[in-house]
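The first chain written gets the first letter, and so on, giving A, B, C, D, E and F; residue counts start at 1 in each chain.
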Amino acid sequence: MSLTPVQTPIIPRLKKEKIVSLIKTGKRIDGRRLDEYRPITIQLNPIQKAEGSAAVKIGDTMAMVGVKLEVGIPYSDRPNEGVLQVHAEFVPLASPTFEPGPPDENAIETARVIDRSLREPRAIRLEDLAIIPGQKVWIVFNDIYLLDHDGNIIDASMLASMLALNVTKMPKIVSIEGDKVVIDKDSRGQKLPLNLNVVTVTIGKVDKYFIVDPSLEEESVLDAKITVAVDSLGRIVGLQKMGMEGFTEDEVDYVIELALKKAKELHSLLEKVLKNPEEASKSIV
Amino acid sequence: MIEKPVLIKEDGTRHDGRKSEELRPIRMEVGVLKNADGSALVEFGRTKVIAAVYGPREIHPKHMTLPDRALIRCRYHMAPFSTSERKSPAPSRREVELSKVIREALEATVFTDLYPRTTIDVFIEVLQADGGTRTTGLTAASLALADAGIPMRDLVAAVAVGKVNGVLVLDIDELEDEYGEADMPVAMMPSLGKIVLLQLNGVLTPEEFKKALELAKKGINEIYRLQKEALTKKYLSYPEE
Amino acid sequence: MSLTPVQTPIIPRLKKEKIVSLIKTGKRIDGRRLDEYRPITIQLNPIQKAEGSAAVKIGDTMAMVGVKLEVGIPYSDRPNEGVLQVHAEFVPLASPTFEPGPPDENAIETARVIDRSLREPRAIRLEDLAIIPGQKVWIVFNDIYLLDHDGNIIDASMLASMLALNVTKMPKIVSIEGDKVVIDKDSRGQKLPLNLNVVTVTIGKVDKYFIVDPSLEEESVLDAKITVAVDSLGRIVGLQKMGMEGFTEDEVDYVIELALKKAKELHSLLEKVLKNPEEASKSIV
Amino acid sequence: MIEKPVLIKEDGTRHDGRKSEELRPIRMEVGVLKNADGSALVEFGRTKVIAAVYGPREIHPKHMTLPDRALIRCRYHMAPFSTSERKSPAPSRREVELSKVIREALEATVFTDLYPRTTIDVFIEVLQADGGTRTTGLTAASLALADAGIPMRDLVAAVAVGKVNGVLVLDIDELEDEYGEADMPVAMMPSLGKIVLLQLNGVLTPEEFKKALELAKKGINEIYRLQKEALTKKYLSYPEE
Amino acid sequence: MSLTPVQTPIIPRLKKEKIVSLIKTGKRIDGRRLDEYRPITIQLNPIQKAEGSAAVKIGDTMAMVGVKLEVGIPYSDRPNEGVLQVHAEFVPLASPTFEPGPPDENAIETARVIDRSLREPRAIRLEDLAIIPGQKVWIVFNDIYLLDHDGNIIDASMLASMLALNVTKMPKIVSIEGDKVVIDKDSRGQKLPLNLNVVTVTIGKVDKYFIVDPSLEEESVLDAKITVAVDSLGRIVGLQKMGMEGFTEDEVDYVIELALKKAKELHSLLEKVLKNPEEASKSIV
Amino acid sequence: MIEKPVLIKEDGTRHDGRKSEELRPIRMEVGVLKNADGSALVEFGRTKVIAAVYGPREIHPKHMTLPDRALIRCRYHMAPFSTSERKSPAPSRREVELSKVIREALEATVFTDLYPRTTIDVFIEVLQADGGTRTTGLTAASLALADAGIPMRDLVAAVAVGKVNGVLVLDIDELEDEYGEADMPVAMMPSLGKIVLLQLNGVLTPEEFKKALELAKKGINEIYRLQKEALTKKYLSYPEE
């Protein structure tokens, strides 16, 4: 069952009013423009034991992704393709409001939005991940781990996922006998085959105003928000409207246009980081 | 692996004979259950969904009470026999997500501040799944809310638009969803012109997206008309029976 | 753990007293005789995607059953037989007192009583459902779904199960290679092989009086009840005493006799419906 | 698949040498645990069950309190080593059902209205399962209730009757249950002549049913006698020890 | 999550003070010496259906262990060895403070301490339990069942485990075809192969004093405790410090020495019982 | 099955070049998270753990409140990508046990009686597991408690000693743990000389145990020094930044 969420942590009413009134004058409480992301910091491969990993900070929101590859069985309706599994854990370390336990609806939604945004434009070349067609394929686990929650979890998680997938190197296959595949986790060879990159842009609505990359304080005053997934070809590859209010058609059009613009910036950032990983990667965890 | 079926025939019609902008046959019945405070059965083609509303009623446990409004609790659930492969009764991640987006769509329309400290429970059971279950369920849920006499800003009407062989089509069914390129469920409060559910599972260019949204709106207006008819039939025609 | 149930929904004491005092004069609150069922309505095959299905209304109690067939592995102690699985879900849509979650003890008891009543007289010819003996057999899922609860869930669920099994057509087997069985869910051929029909008759006890097919209001005043499963040969193929009181031996004898009589009526109804499905089947869901 | 063993020999005796109307060797011990307020160990042949009662005691959480009577909570549970194949410790559907029918049988005998707002907890652990575990468990539970000093209308004595190769037999064991045609567990409050548990897992004609019930009653009276002996032994012979 | 436990059942403060003050004078409330075990009673093979079983009483603490053997799949990193599985259930029958449900942290800790104490010194010859190396091996289930809790659960559970393993006889293998192993549960042959015996000694700390085999009442006044596992060669094969206080190094040294001494006594007891099972085994359950 | 690697080379050094009594490179950072009241990141070689503390804060549900002290809640948890084989996110029995022994070690140092009726929550997340995760986690947790300003009797510093090819070695890593003969995690409040966590997974003679404990103490004193440095760096060097 999905329940109306209780607003926690409680942001004082006065602060909320200030956030809203600032937005109405085109300003934000942390000094940003309405269409501006917070500073983005990136660390590549913080986890050597993962086949690929990345940590991303957008402002104080910190998300990690570890990619693991294992040999498994394909879905029966896709016998010749690898399997992508996206999971997200919002561990209680990340926020005073998170509880230990299995993923709640927000963590599940985050994982599923990112899963679809990767799957639909075929960001990963799953068709190249069959080992024994129909029997054994690579399972790609994309595990999202949220370490600090300061708003806009999805965009940080998507960026970390895309970066981790880009730096993933596949374990070597040592031998295949019958349907037994032996791999060597400790020696990694080829890069994970990708077709293209995807980013998400999340835009919040306050009254008639729209803000990019809402922080946690700002999320508490949002009427609703939309996450738009955009691939490196400029196509819309995912959409998720969230929150307890609606959008007019014109508002949706505006949001999409703004998202396409911001997505370009994020794609540039991605490319820059991946071109010069040593330079661009900072120590986060 | 089964071969991809012909989804758009040479004459432009779809695998089931519909035109691209045509809805499936729709059936709506309001007040189909005795126990529920409100209920509705809605079919879009072979997709069959029943929704029930209980409330406003007391909340247990008490600590979940909201002081200034009604809590909305919503569950989208599929019967084990509703799908081709039997569905395990345990709630899947998909059902958890859909319960959330459906609840959020309904939050936009219910005057929850009229019933502080209560809960309004919405239960959606998919009896047969043939594409568009979330939109059919949302359409049924808003009828059930109306049947329960819960004040709303507007009904919610919903439909999924798809892209199939490059063609945008209205109200996709399961086959079109499985082999098509995009599935975009949309729900609106039609009189207020507000989009309360919007998801995209697939790839669209910005231009295609605009057209798809227009097409959804067209379908939603027709569904809205049928919803009002179904309510009228139950509530206004009553003395004639 | 099983707990003393809390009586909900609370039926006013005055109403309860009226129900009881009426029964003591041989009458019932809805005008029925003590040994009379409420009107029974039946819909065959409301769910085309199931291999067989039925909806049954007894008064306002509405139960659906969908039968699905899948290929699976036999029980190790019955390697040459198909497998029957009966499950019941009392979804929260059906009653203000039902909660979402896994089946509670009442749903489990209902499913198990029906399971045994089908299994013991070999209602389904499970021995004809082996595909590759010892390795692959048909699994018959008989899923009971309660949609509206107005008392006497078991009899409605049993009737719906028996009808759904009678109209079940088995998917065609496309190919068998080694131990791999490929079936075509979309084309159905043979009927599910059955040996006989089974119905249950539930009789409630109030003081020294006995009522057939208790409604929900009546269930709130029952001391106890017994469900008797009777097959088309007139044999007792299942018994379940429920409730927090006992029966004398004489009372049990009376209940059994009454149940055997009512079972004949239900068997006639079953036969009539199955002989003229078009005519007898009404639209329920 | 193992061949069906000879269940009724030519001389009419059963696979273990018993006559058709003969009980297995029965052992009953009352007060076997220190912590429990009441306890009993009962064996019917190789079937070995221990029952404990805690209460009347306070309920947590409080909201489960019944204002006019004691709550009864009952768990029938099997040890992982009690069965041929190791039993997973998670409660099975079978254990859930049996906990319910055992609880209902006990509800009929306990004067629950003497202890409003409390709970009486009955825990039954099957240590070895060789047929008749629910009836052995119920027999043990009623001894444990007596040992805990909880006022009851009567003891509950229970036994299962079976039909094996067409013959009605008393107190069936696992082998007879597995290969027989029917298993009918019966529990009674013997002095009051009330049947408080009755189930049938199998096929009986109406005539057979009548005879089976008579046979059960016969066994129950003998078990009842043993129960009273076991209680007497503990409580009355005490000074002699 | 692990939580500070609530002290239940509540032992009256006066009683606690008495227990402590007695200990400080070298005495115990039940008349024992500080380094003395309560009387130990043993029953071998109370459960004929288990491959081996034992019940042990230390004072009023009663623990049973049933050992079951099944055919299963080896761990992938130990393909040529049998598998040992130790589980403990603290059923609600055993104490007013136990709740039905999956094992809590105390039951899990008990099982894991005993598991390690058996595994590390290779008490069971797991290498002799492969049936088809790499494919099928014996799984040894050592199920601990606590029936009455009067303190020092671990030592009673360990003793019962060691005894049950010693009297375990393995089911006969009827046939092996390919990777299919058929066994006969009803005829048992060889003994489970063991290398050595292990016992645990649990010592509680109260202020600067140390008591062996604390009873439940005594456990309520302990600052902390240590369980020392000792094998029949006199080696330390497991350690677990428990409780919310610390030990100085000198205290640890003292505890270890005392444990080694008491372990010898327990090993003698074990040997005596196993040499004359008929004589030594009493009826417990 | 992989061949056992050379763990102690001919020159007495270990597989990674360390001497037997040498710690891995250690990194400690305090205050790394925004939301938590206190936090710390600690690395022992490739083992990387982050710990956060929330509290003292209110408890939900209320009935868990302790009247005379703070409740401590502690969770040790591993990220799915932290291990060679992906770890399922559901808590394992191992994680349940380690949460308990870590909590008990912390109970000894926190002045819980200063905050009655509250909870202090300690969350330990293992980001990369390469041996010694519980000791690294405990070291991080005590830094996080200090960072949260929670009064403690002393810091807790921890390390695991191993026996590898018969040699006692300090701060074993995963490879040494897997192929070695013993793994003994030890945690102390170093200034108070109190051992607050002690486990042994392996076989040691009484003499070896004594030596192992001495070796652990040596490592713990070094780790303690680094902890104090890390806290000083954060709190005293602050004005210089």
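Following the convention adopted for this analysis, a residue touches a chain if its C-beta (ideal position, glycine included) is under 8 Å from a C-beta of that chain, and two chains touch if they have at least 3 such contacts.
No experiment lies behind these values; they were computed from the predicted model shown.
The set of chains in contact with subunit A as well as subunit E comprises F. Note on connectivity: the fewest chain-to-chain touch steps from subunit C to subunit F number 3.
Contact count check for B-C and A-B (C-beta pairs in contact): higher for A-B. Centroid distances from subunit C, each centroid being the mean of CA atoms, peak for F. Ranked by distance of CA centroids from subunit E, the top chain is B.
Averaged Cα coordinates give subunit A a centre that lies 57 Å from the centre of subunit D. Taking the mean of the C-alpha atoms as each chain's centre, subunit B and subunit D sit 51 Å apart.
Put simply, the C-alpha centre of subunit D and that of subunit E have 31 angstrom between them. For the pair subunit E and subunit F, the distance between C-alpha centroids works out to 27 Å.
Multi-chain contact residues of subunit E (touching two or more other chains) are listed as 1, 100.
Residue numbers of subunit B whose C-beta contacts span two or more other chains: 75. If each chain is drawn as a node and touching chains are joined, the picture is one closed loop, every chain linked to exactly two others. From subunit A, proceeding by way of subunit B and on round the ring, the chains are encountered as A, B, C, D, E, F.
Considering their complex, residues 1, 64, 66, 69-75, 93-94, 96-97, 99-104, 107-108, 112, 182, 184, 188-189, 192-206, 209-210, 213, 217 of subunit B touch subunit A.
For subunit C in complex with subunit B, the touching residues are 46-50, 53, 60, 62, 64-68, 70, 87, 89, 91-96, 100, 102-103, 141, 143, 145, 147-150, 185, 285. Subunit B contributes residues 32-36, 39, 41, 46, 48, 50-52, 54, 57, 75, 77, 79-86, 89-90, 121, 123, 125, 127-130 to its touches with subunit C in the complex. Interface of subunit C with subunit D (complex): residues 1-4, 6, 77-80, 105-106, 108-109, 111-112, 116, 120-121, 224, 226, 231, 234-249, 252-253, 256-257, 260.
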